[in-house]
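Each of the next two complexes has subunit A plus one more chain, namely subunit B in the first and subunit C in the second.
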Partner chain A sequence: MEDRNAETARLRQPWRRRLKRLNFSELIMPGFILVYSSIIALIEPRFLSWGNLDNLAGQIAPLLVMSVGQAFTIISGGLDLSMAAVMSLSGVVGILLVPLVGPWGAICVMAVFGLLVGLVTGYIIAYQKTSPFIVTLGMASVATAIALILAHGVPIYTVPPELTAAIGFGHFLGLPVSFEIAIAMLLLGAFLLRRTVFGRYVYAIGSNKSATLRSGVNVSLYTMLVYGFAGFSTGVASIVLTSWVGAAQPVAEPDMTLKSIAAAVLGGIALNGGSGGMVHVLYGCIVLGALSNSLTLVGVSSFYQILAVGIVIIVAVMLDRVRRREIF
Partner chain B sequence: MTSMTMESGHSQRQVLPEVVFLENISKRFGSTQAARNVSLRFKGGEVHAVLGENGAGKSTIGKILGGLVQPDDGRIVLDGKETRLRSVAEARGRGIAMVFQELSLVPDLTVRENIYLGTEIARHPFSLLRRQAEEDRCRRLFEEYNFAFDLNAWTRSLSVANQQLIEVVKALASDPRVLILDEPTAMLGVHENEKLMGIIRSARRQGTAIIFITHHVEEVVEAADRVSLMKDGALVESFLKTDDIDATCIVGKLVGKSRSKGAGKQAPSLGNEALAIRNLPGPQDRCADLTIAAGQVVGLYGVVGSGCERIGQGVVGLADLRPSAMTLAGRPYRPGSPAQAARAGVSYLPSGRAANCVLPSRSTRENLMISQLDQIQTCGIMRKGVERQLTQSLLARYRTRYASYEDPITSLSGGNQQKVMIARCLGRASKLIVLEDPTAGVDIGAKRDIHELVRDRAASGLGILLVSSDLLETIAICDVIYTVIRGQIVRKYEHPTIGDEPSIVADVLGG
Partner chain C sequence: MMSKIWRKYLVRATYAGVMMLAVGVGSAIPSAKADDAARFLGTVDEVVKDTGEPIRYGVTLVHLQDDYWKGMAYGIVDEVEKSGGKVVQVSIAGKYGNVTEQFAQIDAMITKGIDVLVIGAASYDGYDTILAKAKAAGIKIVAAGTAVNSKIPDWGVLFSDFEIGKRMGALLCEKKPAGSFKIIGLPGPAGAEWSKLRVDGLKEAVSECPGAELELAPVGGEISIGYALSQTSDMMTKYPDASFVWTPTMGLGMGAVQAIRQRNSDMKVVGSTIMRGVFEPLEDGTLLAVNAEPSILVGRLIVQYAIRQKLGMDTPLIQPSTDTQYPLVTMPTEFLTKENYKSYPWEQTDVPPADWSIEAFQ
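For the complex of A and B:
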């Protein structure tokens, strides 16, 4: 008993607890980022210049925001293949409504619209007991089609200059505002996962859905909320992306969905759910962002960049396997 | 049941050849000593029953011989030569076939395809399957064992009982010299049971050594030539089953001296009615009621597939019990999900720890707290300090041994994981607790602890519904037992004792 009290006293100190849980596999990604950055910096010192890092932060912001939501679906044991399509649609809807609600109203519309679409998707998955894979794939088609119809198939360039100035290219305290929004989303995600009942249930559902159901958790409700939150992060991503690009495209960045899944898994979130956190999302996005940024700087053709990203993702999934080899 | 008794071979018994000799086998799983210096001889043409409670180590013996588990210590002597069986394939190569407790047929293949799965006549990856040859051999096999089935039926279209029989025939398809049956009758009805006995009889006539692992005494009486009793991983006794040995005699040898007194039943001081289920299907198309008073432990007992699990699941909202109606503490109660049941004060411990209870990637703390979160949150935000205190107090109250509750729950032994599950379930309920197989796969010490904890919780004024496949456990901790067959309540036993066992067994087998 004595021992146990001492043990809990020690565990109560957060940094000790954190340190105790750190193990080798947790250090792979930050280690990789450090080593990779050092190598690139040796070849091309501009990589670590403030200007480039500022640029990099802006580049990864939309992906980071989306990956926060994607991480929730993956931790809960599902995934969302409709994110990029819903992002484009909420961008189009928001910008089309600017004349009605004004620029700041428009960004609220985008976030709320994403949330609503996510809740609908979540409702179908959770209450109609369907597979997230198929439902979100269908939802991707539906959202793309509606976006194309609303925008008549062409990008809408009437993005209010306030948004471009404030969010797309604005800086606050020396950092890009878009990146700060992404960090705020990460913090929100971390808070939800670690400190709320919702977060606890997200892990539980991903770890063993049947057990969670049987221990008296309203699994359907929380599954719906997971996709609702993913939709919300899609909406926020559309704010960031639209302001940055200066246009609402009906098909904007279609491969961002898969990149968000790749970022989550690359960072260390288990593809079959139940573990991982926001820090892993950050790692994954930094690796993917740094990879294409640095290869451009070094002068590698974009064809080879795509190749490199693909290889990194495959290696990451194999790493995921190794990390979990005890489970098979 | 006597109609099924094996033709007695003892009178003309000649000296049977010894096929396998297990010498001083020991095996430990984590903190559980599953087998302790067990020595057994198995002879060709003999049905050797290995009998014991759940967790007595009998399945471990079967698994060691079947190549699934490697012994820590001891020798396996096959035909006079010491052998090591490192895998199921190796054991099968030596002529040892095993039928597992869990079904392992592929539902989307036909009966014939399943029988030859892995032992196809043509063995190269791209050679054509010899359908006709397989079919012919299947036919012959079926004739040999006097067994009739459509070879080309989809396996999924067959009842679980028939699938189980096909599993046995599949094991016999390779002409094994040793056949291990691990609880083969768990899913069988009376009719299939008779068929199984027929198959066993044929295999025995052909000189196969048959190892029959079971915890049903009456099957032993019916089928065995030799009986070995196991308890807590050790061999208690091994004897020839002569005609003067009957069920009571065997039960006496097995449990007589070993009744766990730990979970002694207190004189029940019954409170108000906790749960009542009216209009359950009863005997002869009449209706039966089931009532649980506060402070009472009520057991439902039936063989697997008898429908008693369904009643338990209905109480927690996982099955629809209509047209039966339930009242909880006097108020109408119809839960649609375990979440609704939980809100009404009913908590649930499902069977199947790995599949239905444990969150494998999460810590002991999170596993325990998953159903207590309403006590440790304000507005959806958790209060970590309160959570830690509650975790500690629950783990201590439920006598769990752990290094740190922040470690993954999978670092605990099976028995301790089960105690965490018990704590999760018992810690929350306010009116009723539904327990399914609460001590499956735990060692004897943990089992005794769990029985006590359940009785204590009942004494604190809750109703408890126990659905266990372990009859001895059900008798040991229940105040009332209802027996169930084919979804119907057969009989009610108040204050059951071990003397009721034969009658209960007869009820659930439809005898």
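For the complex of A and C:
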């Protein structure tokens, strides 16, 4: 009895609780990143140069922001295939409104517009009892079409230089501002997931939707809010991307939606929902970004790059199964 | 060999002269003829109108997400409005490689009934069956903007992609710093014949340029600004001593420009196809030159020559070609630099009006 009390007392200390929870499986992805980076650094020492890490941080920022929102939809048991399209549309709308609202107003427009589109998508999914796959696929077409109509099909190059200078090129405390925005989004995501009722319900809905419903949780409302947050993250991603590339493109980075799903799953978020956290999003984005960057530095042909990315995703999913003790 | 070079320079000089003359004449004489001459930059001696039963055009292009393809669509639609005829349908494949989309579109156009099919092919190969079907329906087939590997088209209006790549490489050689120098090349999308030919042309120019080294980035899957920005940044990390970045199209070139600006580097970019965003980097010197590909003019020439063929008039610009299995109008190109871009009539020849959209026509 005394032993049990001592153990309970020990576990009351948060760092001990975390240490106990930390097991080998949680070290797979950071271990992979460390080993991979070391190997690449041996082949091409410039990979770990400050200049390249700065470059890498800027490159993964839009994906990281988008993956935060995507992670919420996946943890809740859904997914959002419209994110890249909504990101393009938010960017186009924001830049078109610059003459009316100014450059900083345009940033707010992009974020709020993304949020509103996300809420509409969430409303259709949650209250009309429709499949997220089909609704977000449809929303992707709608958003792309509206972006093409508004931009007359071509990129808009009138991004205010203040935005490009501050967010696209800017550095604060030695780090790219775009990456700092991405980290802020990641922290916001972690806070919402771990420290709020909303976050607990997101996990509950993803784990067992009908049980959550029977527990008296307003599942429809929280599902709508999940897609609202995903929309907000696409809006923020559009701010980062538009400032970074210096243009609002009606079809910007169409592959980024799938990359955001890949990043979340690769990092360790279960595709069937109910588990995972923001640290997994970070792992996934670092792996995807570092793969592309390092293979280009090493001089690997893009065909082999595509092959490498595919193999890494498959291996990561297998490791995920190992982690869950589903195989071996 | 010498005669070929002289001929090349003669063509360029004539084209440049004609353009300047056309712009000058266009602004001085406010008549219909002057307007005709200006919009064709002197490439057509007499602009003819469609008479009798109007020609029905069906158009399928790769996409309308850059000023090159959008300009071509605008050129066709606007010229049909001015010279007569009817555009039955303008369709797009969506992206390079979407061959089956174009098959379905061409099938629909055959059913609707058209006289001339304008095809900006999404792929180099694979069109024989559908083009044979169109031909059997009595439709004239014109290849526009990108070559198609078939002998069925009646003629085409194209740019020589190999020559474009080679000319850009030669320009870099002309502007090279003393001693040896490096060129970072972004080869463009995998599987696109036009992109591969431009890279081949660049390689040949580099092989003929003493001291030049070409460092090609991996072949990519996208033509997006963000993709080119990342690829250029990575290549700049690997080759920080490079002097130039070469891109087959300014869709990628704008990403390269942005990467150079972000890193405060003094590398220079050269790319092809004009878009509205090129003038600022031309002015600040990040963009050394952009190769103009007057796609609006391509559209206008297609309509004008279709009318001429219908009326039995001569078509002197259509010449046999060794590059394709059908005769071609090979379009001239011109470099725009900080020094000359203000005098180049890009709004008439390369970039459609900002507010023009295909839905305005359809």
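Rule of thumb we're sticking to: the second predicted complex is superposed on the first by the 316 of 328 C-alpha atoms of A that agree within 3 Å, B and C clash if a C-alpha of one lies under 4 Å from a C-alpha of the other, contacts with A are read in each partner's own complex, and residues count from 1 in each chain.
In this section, contacts are C-beta pairs under 8 Å (C-beta built on N, C-alpha and C of every residue); 3 or more make two chains touch, one makes a residue touch a chain.
The model shown is predicted, which means the values in this text are computed figures rather than measured ones.
Asks: Using the overlay on subunit A, decide if subunit B and subunit C clash or can fit next to each other.
Replies: With subunit A as the common anchor, subunit B and subunit C both fit in the superposed model.
Asks: By the touch definition at the top of the document, which applies to A:Ile28: first (subunit B), second (subunit C), both, or neither?
Replies: neither
Asks: For A:Ser207, decide between first (touching subunit B), second (touching subunit C), both and neither.
Replies: first
Asks: So in the superposed three-chain picture, is A:Val142 touching just subunit B, just subunit C, both, or none of them (first/second/both/neither)?
Replies: neither
Asks: According to the stated criteria, A:Glu44 is in contact with first (subunit B), second (subunit C), both, or neither; which is it?
Replies: The second partner, subunit C, only.
Asks: Determine, under the contact definition given at the top, whether A:Ser275 touches first (subunit B), second (subunit C), both, or neither.
Replies: first
Asks: Answer with first, second, both or neither: which of subunit B and subunit C does A:Phe198 touch in the superposed model?
Replies: It touches subunit B, and subunit C stays clear.
Asks: Under the superposition described above, what is the C-alpha centre angle at subunit A formed with subunit B and subunit C, rounded in steps of 10 degrees?
Replies: Between subunit B and subunit C, as viewed from subunit A: 130 degrees.
Asks: Touch check for A:Gly168: first (subunit B), second (subunit C), both, or neither?
Replies: second
Asks: Just to be sure I read the superposition right, which of the two partners does A:Leu96 touch: subunit B = first, subunit C = second, or both, or neither?
Replies: After superposition on chain A, A:Leu96 lies in contact with neither partner.
Asks: Compute the least Cα distance separating subunit B from subunit C in the superposition and give it as a whole number of Å.
Replies: After superposing on chain A, subunit B and subunit C come no closer than 33 Å at C-alpha.
Asks: Kindly list the residues of subunit A that each of subunit B and subunit C touches, one partner per complex.
Replies: Of subunit A, no residue contacts subunit B in one complex and subunit C in the other.
Asks: Would you mind writing out the residues of subunit C in touch with subunit A in their complex?
Replies: 64-67, 70, 190, 217-222, 224-227, 229-231, 233-235, 237-238, 254-255, 258, 261-262, 275-277, 280, 354-359
Asks: So in the complex, the part of subunit B that touches subunit A is made up of which residues?
Replies: 316, 318, 337-339, 341-343, 347-348, 350, 355-362, 366, 369-371, 373, 377, 380-382, 384, 388, 392, 403-404, 406, 424-425, 428
Asks: Please output the residues of subunit A touching subunit C within their complex, sorted ascending.
Replies: So the residues of subunit A touching subunit C come out as 44, 46, 49, 51-52, 55, 58-59, 62, 148-149, 152-155, 157, 168-169, 241, 244-247, 249-253, 255, 292-293, 295-297, 299-303, 305-306.
Asks: Across the complex, what residues on subunit A touch subunit B?
Replies: 4, 7-8, 11-12, 17, 20-21, 195-198, 200-201, 203-204, 206-208, 210-219, 270, 274-275, 327
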